[in-house]
Amino acid sequence: MAANQGLKIAVIGGGSSYTPELIEGFILHHKELPVTELWLVDIEPGLRKLNIVGSLAKRMVQESGLPITVHLTTDRREAIAGADFVSTQIRVGMLDARARDESIPLKYGVIGQETTGPGGMMKALRTIPVILDICRDIEELAPDAWLLNFTNPAGMVTEAVLRYSKVKSIGLCNAPIGLIKQVSAKYNAAPDRIYAEFVGLNHLHWITRIDVEGEDKLDEMLADTAGYSAKNVPAREWNPEFLQSLRALPSYYLKYFYMTDAMLEEQLTSAKQGANRAEVVKRVEEELFEIYSNLELKEKPKQLEQRGGAFYSEAAVNLMRSLHNGTNDIQTLNVANRSILSFLPEDASIEVNCVVTKTGPLPLPLTRNPPMAKGLIHAVKTYEQLAIDAAVTGDRSLAIQALAHHPLVPSVEVAITMLDEMLEANREYLPNFFAGKEAASAAAE
Amino acid sequence: MAANQGLKIAVIGGGSSYTPELIEGFILHHKELPVTELWLVDIEPGLRKLNIVGSLAKRMVQESGLPITVHLTTDRREAIAGADFVSTQIRVGMLDARARDESIPLKYGVIGQETTGPGGMMKALRTIPVILDICRDIEELAPDAWLLNFTNPAGMVTEAVLRYSKVKSIGLCNAPIGLIKQVSAKYNAAPDRIYAEFVGLNHLHWITRIDVEGEDKLDEMLADTAGYSAKNVPAREWNPEFLQSLRALPSYYLKYFYMTDAMLEEQLTSAKQGANRAEVVKRVEEELFEIYSNLELKEKPKQLEQRGGAFYSEAAVNLMRSLHNGTNDIQTLNVANRSILSFLPEDASIEVNCVVTKTGPLPLPLTRNPPMAKGLIHAVKTYEQLAIDAAVTGDRSLAIQALAHHPLVPSVEVAITMLDEMLEANREYLPNFFAGKEAASAAAE
Amino acid sequence: MAANQGLKIAVIGGGSSYTPELIEGFILHHKELPVTELWLVDIEPGLRKLNIVGSLAKRMVQESGLPITVHLTTDRREAIAGADFVSTQIRVGMLDARARDESIPLKYGVIGQETTGPGGMMKALRTIPVILDICRDIEELAPDAWLLNFTNPAGMVTEAVLRYSKVKSIGLCNAPIGLIKQVSAKYNAAPDRIYAEFVGLNHLHWITRIDVEGEDKLDEMLADTAGYSAKNVPAREWNPEFLQSLRALPSYYLKYFYMTDAMLEEQLTSAKQGANRAEVVKRVEEELFEIYSNLELKEKPKQLEQRGGAFYSEAAVNLMRSLHNGTNDIQTLNVANRSILSFLPEDASIEVNCVVTKTGPLPLPLTRNPPMAKGLIHAVKTYEQLAIDAAVTGDRSLAIQALAHHPLVPSVEVAITMLDEMLEANREYLPNFFAGKEAASAAAE
Amino acid sequence: MAANQGLKIAVIGGGSSYTPELIEGFILHHKELPVTELWLVDIEPGLRKLNIVGSLAKRMVQESGLPITVHLTTDRREAIAGADFVSTQIRVGMLDARARDESIPLKYGVIGQETTGPGGMMKALRTIPVILDICRDIEELAPDAWLLNFTNPAGMVTEAVLRYSKVKSIGLCNAPIGLIKQVSAKYNAAPDRIYAEFVGLNHLHWITRIDVEGEDKLDEMLADTAGYSAKNVPAREWNPEFLQSLRALPSYYLKYFYMTDAMLEEQLTSAKQGANRAEVVKRVEEELFEIYSNLELKEKPKQLEQRGGAFYSEAAVNLMRSLHNGTNDIQTLNVANRSILSFLPEDASIEVNCVVTKTGPLPLPLTRNPPMAKGLIHAVKTYEQLAIDAAVTGDRSLAIQALAHHPLVPSVEVAITMLDEMLEANREYLPNFFAGKEAASAAAE
């Protein structure tokens, strides 16, 4: 960005139902984040949604009276060229692929979760090559741009970018900001007066310290197990004795690891009843696009907040503002480990508090170590690294090793059989594995 | 040992059925390991076995004509005082406790394995305080003695000694020597012309390199999956594609982790048929002691070799010889990690090749890293460290955390419920957990 | 501090000539740092100065109209009890000792510098036991207080507190804030728009990055060698070719290491002319106290700024404000290394950028490594650690090793001979070395 | 080497006066090291010496009656092709260059030592590119060969090969074997009953443990300061108080660092008297070649032992035997650090005890750390790494940084001025620095 110009932002997967939240953020914070060009990009199959949501975006901007131009395009390179920020929220294979990611493992008695579960590995195999393609464009057309990645599995995608491209990249999740808001509400304290220390991986973090206005509230939070849940993970309660001896608040996604039997049963029951999370999301999305199509609508509709991904856009806008202004404030992000977790490689992505400087986030050393969590973090990270390498190389051996070492997979035999079925089902999205095949296509998340 | 005197050796748990093998070793290698005093120690409840096996030991020594005096005693301190080597092969709670270690987890659908499984944790809780008591005696009465630990779970027991005493200690397992013998037979090569690189934990190791007379035979060994099995682990075959992509030969105990579903099923089936490993061992032992009672027997009986612990005594005698003579040869031992595995603490016990110097074993750096294994090693080590600390402190919170983070335990709820039952069943052996209770008693392994 | 009360601050060495600057800071920033009790402590020999400066402090506060009570005392414990912040600016042995620190080494052809030079070691031997005594009081009477240490050698004193007490301590230097101000003036940019990355030890740091409003200005700064100097280090210019190949701006104290021959010659010349730094400082101090004694004076006099320690108080007040309010801003401080410099122990004190959270400073990972500096940093830190241990134990062997490994000392023989003379000259201040001797006495810095 | 064939050995710099010792070694140990082809290589200017020493070699072999063929050649590639071992003992610029290495620094009041001193840096700049050229040949013509490097500065040369080639390389020095022999003689104990723990860099090591037949003799050795000296370093005695507090025996080369003033004075005095080490060596060499020319001589002459490099060939033959037979014995070698010294990079060369396996040496963890030595080791290694990179790239900036950070250089100004003179004096041997210049030529060491 030239000093006297506004910012150019490219949103890959711009047809996402989340986009109106992002637009709202750009409008509200225009002063500190002077966006002048906003490019919403999507692929052909996502064009209908892009037009609906893009049209709403234009109405929202017009209503605000701000000098923001909204561009809708399927030309990714045009959108990226010269951008200051690129964000990605894509879903390679769209919701149908997600349905498969979640249902195939269940056949084998394995939790079919789309981020930290085996389903997440298939998502990674489909997604990482597409993201790295986008990175090639950024390296060429906007080498100084920041890539803000929301695409799940966000931890693995971020690490793939760190290790296999030169793009400056940060992974984002809405869980940390959600926890801060929950604590803020519980104690009626301003968010910037809360210091919550996160450690772990994306969707696999522990919170080891919660200071509210300088007072340690961790024990109180641990005692309030009922209050700590999330819309997109079934709300089983934590065992209080376990939490107290853990001395940390686990991410709600950790229920897949700490309550494996119950979570699996719940998924199997839902599946029998014909429901799965992908289907639910699909219905919610359709309703949202119906609402967005209403030409009278000129603001983010309330219903969007029930979508499950609340705060995603707030997280994104916060991060862009801090990077743009060098505010040096603290945010929880997915970045390279450096030496924060001494047992992981320096280039492993971790989820950790960072101070956001003008030239990027610097991860903060931990004030409290979670000794119980080390092994699980390392086990999942080992799986993740094998899966990333499998995605990049298309090497079936690595995919076998990744799945066989996933803590939720009960045996090598299940790993291999399940992998074969999952690979076959995703054949069209895995050119690295099935050479000579058509390229993957990615619609908005 | 004064320069012109022979060596004094104390065997804690001397009434073990393994003892005749040890006696045979001392007789065969008397020249390089000039034992003059051999003390077999056991507790009151083990006195019958001690007398039977001790009597056989005396006959064996007499037959050899060597100047070795065999002492049988229940006075541990007398045996330890001034000893050059102390070896332990004890079983706190005897085989009945093992039966419970293996059967209780099965009720909860969890593998009941006595070393790396949850059963091993109960064994650790019973055993570690007894071993540390022995260490207090060694610190006082034989501060320069080496403690050779065969007591399972050998990795955890060794680490407990490393972290909670000043005794110089080494953990031993027969698996590595077994692998060398197998390779030696397969290739008709002398054992000292084979270099096999072990890495991992006790009963949780991988072999990443097998050189036979300077030639790399790993791939051949990986291809020969049928040949690689062990008497005390059911002989399921490894998936060849998995082994080849792993690029390492896993310990047969790793079947509990890599074939969890099948191994569990097998255990459940056996249990239904009224059999369990503890019962089998019990019967074998009774037969052995019957044989030992034959006054005409003056040598190690052949039947002992089918006991499953073959090579234990060979490993022990080898190690004592090397320490005594400072031979600087290479053996696979359980020792402090130092910086061999960079992701584990320096005082974690690992199983690794060491050069045995006069002043102790020095672990050798790895020439090949097993990247796939890191996570599993770390996960099990994390569990082990929590369990060791639980054993030393009697802290129920640590026991909960240990079990909840064990890779074979499916949930926190199962961990806590199962733990409660296992603690209750072992009440008399857990004075640290049940204050004011009687001290634990330990008979021979 | 109770929520509705003001802060209590204890200044050990309150009779220092720097104190008026501190008072000014408390007055200017009373809103964010609501000090209500200010205790200036000194020892008997410093009472005259304490009264002069304390009287000025009271006049300054009265003029401000703020509700701050100023207490003057020789009772350190009364001052510390319940304090929120304790700052130390003491000089054990006063300026006469400094004169000896600087002159004795010169006899042996060694630079007599009072912080990073051998003179600094004598200062450390005298000072560390006194500071640790103060820490014992803080541990007992104000366990939650922050200790802000300005006492030189600040790096070694801070590390001694980190390793030998439980007090929460931070070391401070005015050099980093000075550099920021210089850059700010040069580029006419607000200080909070400058990010300068410091790495190294106290008085031994390198600046590897200087961003001004997001633009990299390091090369410009490296080219402007004339502009980069300091009042209390002779202004020799840096060799431009050296600076450019170093890719970092060295602290001006590094001239003692990078221009050893010239700096030594300069000191020898000055010494011949009867001047030394200690004498100069002594004269400046006397003039200042004359000025302070003027009862009409009700503000910090301009002349104080020429004292050489400009910005010390600004640094102190900034740090207290940030700790009190949890502002999470970035300051350059002396704190425990953790894993920032991977080649140093975790508890080594280093000088590094930190984000100042409510519960203390967290050191920020480096964005640029200074590969050339590693060896020198490690050499000086090795000396420092030996010297700290010598100070705490009074072990002459450690003092010999410290001095013999100091990069500015040309040989073991010089180290031992010089040490003997320095120890003897400081006998009354070294009770750890000369048992049965009188306790050291410390007047204000 | 095919299984039924003998070994081929190439000696680069075969015209060295040391060669007869090597021949003697090959003859004495032919059984364990069945050499059949021995190629002595040298460059044109060294042809006279090569012929003299080669002719002696042939007479020695003939006298032995062994089936060894000795080839003399200036065709390096022919000698290397298919070799099992390549050893290098070259001197780029020959003794005249050494004379300059040692005399130029003295002009600037700097010790002119040819290995760890600034003279060693010039030697490194001349030598490393030639060694890397040899490595290119080995990579192509004998990729499985071991390169045994005796060429000084052996630590830097070895590290250059580790970092800039794929050749399997080990650096060797005669100092460790010399220490063992000295201890062996003092205690009348067999060398294999002595365990001396070395740690540090080539010519910069400390011995932290000396066990003789299992007994700790370090203190006795430290007390016997007179006994510990070497022919090629002036025999100043160590200060006993220093040694005892160091708790380690320093290499005699460490006198340049621990007695800098005295060693410099000695060098200056010698220089005034017209003597320097290079000149002395030159005279000794001439005498040796006179002796070698005697056609009646058919064995290694006694006079060779006074040359200063005693045991070099013994070290070489020992190492080849152990590698060839996989004896797993312990030798002190220059190898990659891995994680032995945690503060150095993994690929830094260090001098350390190794167990020599069939597939190479594995460095042994330290049983005792030398905490006082860390800083100096790191400072010298930092200089070494900069100098290696300067040699490879011809980057003057790196050479400036290397010399400016050398602990024996008093200032940046001296570093730059001295460097300029040394570069100019070596112009013909530094094609990387003076592009378009003739290639360097290397005669035997």
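The letters A, B, C and D name the chains in turn, as written, and every chain counts its residues from 1.
Just so it is clear, a contact is a pair of C-beta atoms (placed from the backbone, for glycine too) under 8 Å apart; a residue touches a chain by one contact, two chains touch by 3 or more.
Molecules present, by chain and UniProt name: A, B, C, D = 6-phospho-beta-glucosidase.
Every value quoted in this text rests on a predicted model; they were computed, and no experiment measured them.
Trainee: Treat touching chains as neighbours: how many steps, at the fewest, connect chain A to chain C?
Mentor: 1
Trainee: Average the CA atoms of each chain to get its centre, and name the chain whose centre is farthest from that of chain C.
Mentor: B
Trainee: Centroid of chain A to centroid of chain B, CA atoms only: how many Å?
Mentor: The separation of the two C-alpha centroids amounts to 46 Å.
Trainee: Using Cα averages as centroids, what's the distance between chain A and chain D in whole Å?
Mentor: The separation of the two C-alpha centroids amounts to 56 Å.
Trainee: So which bits of chain C are touching at least two other chains?
Mentor: Counting only residues that touch two or more other chains, chain C contributes 342.
Trainee: Run through the chains and report each pair that touches.
Mentor: A-B, A-C, B-D, C-D
Trainee: Which chain D residues qualify as touching chain B in the complex?
Mentor: By the definition above, chain D touches chain B via 193, 195, 211, 214, 326, 328-330, 338-340, 342, 355, 357-360, 362-365, 367.
Trainee: Across the complex, what residues on chain C touch chain D?
Mentor: 238-239, 241-242, 244-246, 258-262, 342-344, 371-372, 374-376, 378-383, 385-386, 397-398, 400-401, 404-405, 407, 410-416
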